[in-house]
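One structure is given below, represented as structure tokens, and several questions about it will come after.
Chain nomenclature is as follows: A, B, C and D, assigned in order of appearance, with residue numbering initiated at 1 for each chain independently.
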Amino acid sequence: MLDIELCGIKMRNPLMLASGILGSYSSSLNRIAENAGAVVTKSVGAEEREGYRNPVLINYGDGFVNAVGLSSPGAEVFSKELKNFRGGCPLIVSLFGSSPEEIAHLTSFFPFADAFEINLSCPHAEKVGLAVGSDPTLVREIVTYVKKSTSKPVFAKLSPNVNDIVEIGKAAEKGGADGVVAINTIRGMSIDILSRKPVLSNISGGVSGEAIKPIALKCVWDLYENLKIPVIGVGGITTWKDVVEFMLAGAEAVQIGSAHFYSYKLFFSLKESLLAYVRKNEPLKEIIGMAHG
Amino acid sequence: MLDIELCGIKMRNPLMLASGILGSYSSSLNRIAENAGAVVTKSVGAEEREGYRNPVLINYGDGFVNAVGLSSPGAEVFSKELKNFRGGCPLIVSLFGSSPEEIAHLTSFFPFADAFEINLSCPHAEKVGLAVGSDPTLVREIVTYVKKSTSKPVFAKLSPNVNDIVEIGKAAEKGGADGVVAINTIRGMSIDILSRKPVLSNISGGVSGEAIKPIALKCVWDLYENLKIPVIGVGGITTWKDVVEFMLAGAEAVQIGSAHFYSYKLFFSLKESLLAYVRKNEPLKEIIGMAHG
Amino acid sequence: MFSVRVKNVTKHSKDTVTVTFNVSFRSFPGQFVMLNLPGHEEIPLSLSSPDSVTVRAVGETTEALVNIQPGELLGIKGPMGRPFSIPNGTALLIAGGIGIAPLIYLHDYIIGRGGEVKILYGVRTSEELINHRRFENIKISTDNGSAGFHGNVIDLLKVEDRPDRYSRIYCCGPEIMLRKLYDFFKENKLLRKVEFALERYMKCGMGVCGSCALENGLMVCSEGPVFNGVELEW
Amino acid sequence: MFSVRVKNVTKHSKDTVTVTFNVSFRSFPGQFVMLNLPGHEEIPLSLSSPDSVTVRAVGETTEALVNIQPGELLGIKGPMGRPFSIPNGTALLIAGGIGIAPLIYLHDYIIGRGGEVKILYGVRTSEELINHRRFENIKISTDNGSAGFHGNVIDLLKVEDRPDRYSRIYCCGPEIMLRKLYDFFKENKLLRKVEFALERYMKCGMGVCGSCALENGLMVCSEGPVFNGVELEW
């Protein structure tokens, strides 16, 4: 009763692991895959990249600020790691890079992926993050290239740090994206008042978690109103009620990251709670976008 | 020990009431003025405007989503109301409008104001809010006009819902702004999963309160690095530690809105706590920007 | 915000009903809720019991509410606001029109705890009276003389009773009536004993927006709606 | 995150010190903190008592930490992680090198509650030994024979003692040593009694990023660092 089909990918439920959370190793992905509808890996680039020095994560009570950075072992090494993925659910590989060619080339390393997600939106990575994702022309071009490189579905992950997320979403749609994922983290930072220095080694990072839920929801709402392709909602989802809220706003599926801070049994618990919900209501796929008009 | 001078305005402390909170009547402004460094009124426009229908405010745990809208009695009526302000501290009148001329004209109604704040940034008011504040050319022109209309200091209040808040801040600076205020609320919304409808009558609104603190802090940090004029920090400030954090990031003064949900004695408590802080440390004005480089 | 369902609607007159919810709130007499009938405005309404509001149609939303059906969903914020204080002797309740709503709750609360209550209840015409027969110790006034004392509730108070005999006096009704009562009690040096339940136009209902500010800067939604006479500057 | 001040630095050898804080943490043996010396990396360190860490210089941050001065500020997250379980009979503690750090805390904790502890402590040379004279019931091994038993701690274990006589066995040290101990205890069907304190490269330290995942998907920062032998798949 929870099953959905997202751009041809059959998922047992609409709950996906968000990129960058527990997604660097097959061992943790396998574990999450036992209950998730799909898992998205940590974003991978062409070459090995260090990411930022510790500390890279702050819990500020209402959410997190992270500057893990686009740390990556490089596509070749990562594809070896992912060969140990046992396939408990569909596997989506998240890609980043600084040019259309560079990103499109990455897909060839992951023939076993069920889909690709393009990370257009990391707020704290120079050149490969937001700089790429706030330019509609570049976004369209990247998506076009990536689509040409693979027959698998391609999702574009959008940033809220823009004048108008719908404009970027439309550019991705025109480029041929099969769906958009919204949102990545929001630029933020924290200062330690005793040492009088920024807490994160990188000074600033991206805000995630419950704090950003209303902001993410509004992005999903707007994208649903203006695009034809599916919207995947992400940002602050923690309880089954949040899942329902995002689906009512128009999300065909949702991704969950920060809430794994609370429990690794999250997907199991959410799945059980959603089952209870659909028993009293209609199947989940029927509520998508119902809060509109 | 807490006193500061902000663009020539002497304030007994750097704590200002943010626009739109308890700022529609002289009676409540008088009360807050007993302990605040300065008070900013609710934003006022040329004509009477209704604002949105109730419900206009949600408390979502990590903060608020509001769509009060730019409800306004109109400049003439509001100026009469403000004549009852007893002058317990400097009075800053917040202005909105849809054209440079319109906004500049408003200053003439408030000869008793100690300064003006231009609201360039309401995320949920059509035509007079964010639409105005995300266009650098228009922002510059508005500030230029308003500056010409008055000899009082003029602050430009910026929105975080833009590609690059620094670009807008620079435009305000070039227009002659005496300072910038960052940030206004962030676009957001909430859906009631039982009635399956958006909670706010206006569908979406602006997120404020503790949730947005790291986001506001990052904007203040960036503006401080890139502008010469003073930055006034606002967004999620609730405790004295938040005040110190914003000042370390570069704020010369701070504004506080949502936290009045917790107490109307807030400015009194913050003032007392900050006094305890400066007794063990340097005067507040000396810590401005200290977390930088 | 959370949702409740309408359990029951009792019609008192052509424009006044009591709406009972399927849940009972932990609350005190004098507290109110922000009630949102989906598709309409959110409005403040006093609780007339732990699980009901009593509402009179005066505009769009109240009109819709008077015609609501059992089973419908309502959004609720609250209960909130400062309640009436509890008397330690006989209480005098003075209601004008729909101002009876919170006083019904207060009456039942005091009686339920073994206290004594007298009610003075003024309306324009007898058709406006809500369920007044349920109260034991009540005097009524009507502006047109169609029931009880002919005149307003202040005249009734003057002829009927000596207010200084009561341990506490509670007033709710149109502001014009409250201001007259204020003057009367001030003259008689009784203000300290008197509590007024006030109404103001409310937007946020959470003490943030300031639209419900009184002349002295107090907020009706978060610091009221009940104020002691000495707190007011009328 | 919060800040503490360095109260005291005790030098054990040229590259190892114990840093004592001005505050004592509510914590259990086996738990660790994410420690941030401003300007350097944030690193995980086991508590060697409720108010100290014992650290060996192996790279940039640990180097800086070994040279820290009393009065300096440190950022701390934690204490966190799953602690050692408490034995209900005599405990055997097996340490390799700096792996002694959390076992110092465990030792003192058990002794303080009237329990009995035996320690086997292996190092490469006697210069590496940390304060070993404070322990009553201890046997030492050195790879080069410069003190105690000549050989590694596993050889020492085999000649010295019958591990099945202990109610619980706790191991901390380099992974290569832990894996050998794992094999040994597995062979002797004692895994269920044995707890291993593991190390992994940690980024977030909060169970979110996944960089500390074990081969079986368990997270060292949030589900460890202490694991029972049967939980590991080595």
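Rule of thumb we're sticking to: a residue touches a chain if its C-beta (ideal position, glycine included) is under 8 Å from a C-beta of that chain, and two chains touch if they have at least 3 such contacts.
Owing to the predicted nature of the structure, the values given are computational and were not obtained by experimental measurement.
Q: Where the contacts of subunit B and subunit D overlap, which chains show up?
A: A
Q: What is the distance in Å between the mean C-alpha positions of subunit C and subunit D?
A: Here subunit C and subunit D have centroids separated by 67 Å.
Q: Any idea how many Å lie between the Cα centroids of subunit B and subunit C?
A: The separation of the two C-alpha centroids amounts to 37 Å.
Q: Centre to centre, by mean C-alpha position, how many angstrom separate subunit A and subunit B?
A: Each chain's C-alpha centroid was found; their separation is 33 Å.
Q: With chain centres taken as the means of their Cα atoms, state the distance from subunit A to subunit C in Å.
A: 52
Q: Which subunit A residues sit where two or more other chains touch them?
A: 58, 197
Q: For this assembly, give the contact graph shape among line, ring, star, complete and other.
A: line
Q: Every pair of chains that touch: which are they?
A: A-B, A-D, B-C
Q: Across the complex, what residues on subunit B touch subunit A?
A: 58, 60-63, 65, 134, 161-163, 186-191, 193, 196-198, 203-204, 207, 210-215, 217-218, 221, 241, 244-245, 248-249, 287, 290-291
Q: Under the definition above, what is the set of subunit D residues touching subunit A in their complex?
A: Against subunit A, subunit D makes touches at 1, 3, 34, 36, 38-39, 41-43, 73, 75, 77, 202-211, 213-217, 219, 223.
Q: Can you tell me which positions in subunit B touch subunit C when the two form their complex?
A: 20-25, 27-28, 30-31, 42, 51, 53-59, 64, 66, 68, 71, 192, 194-195, 197, 199, 201, 257-258, 260-261, 264
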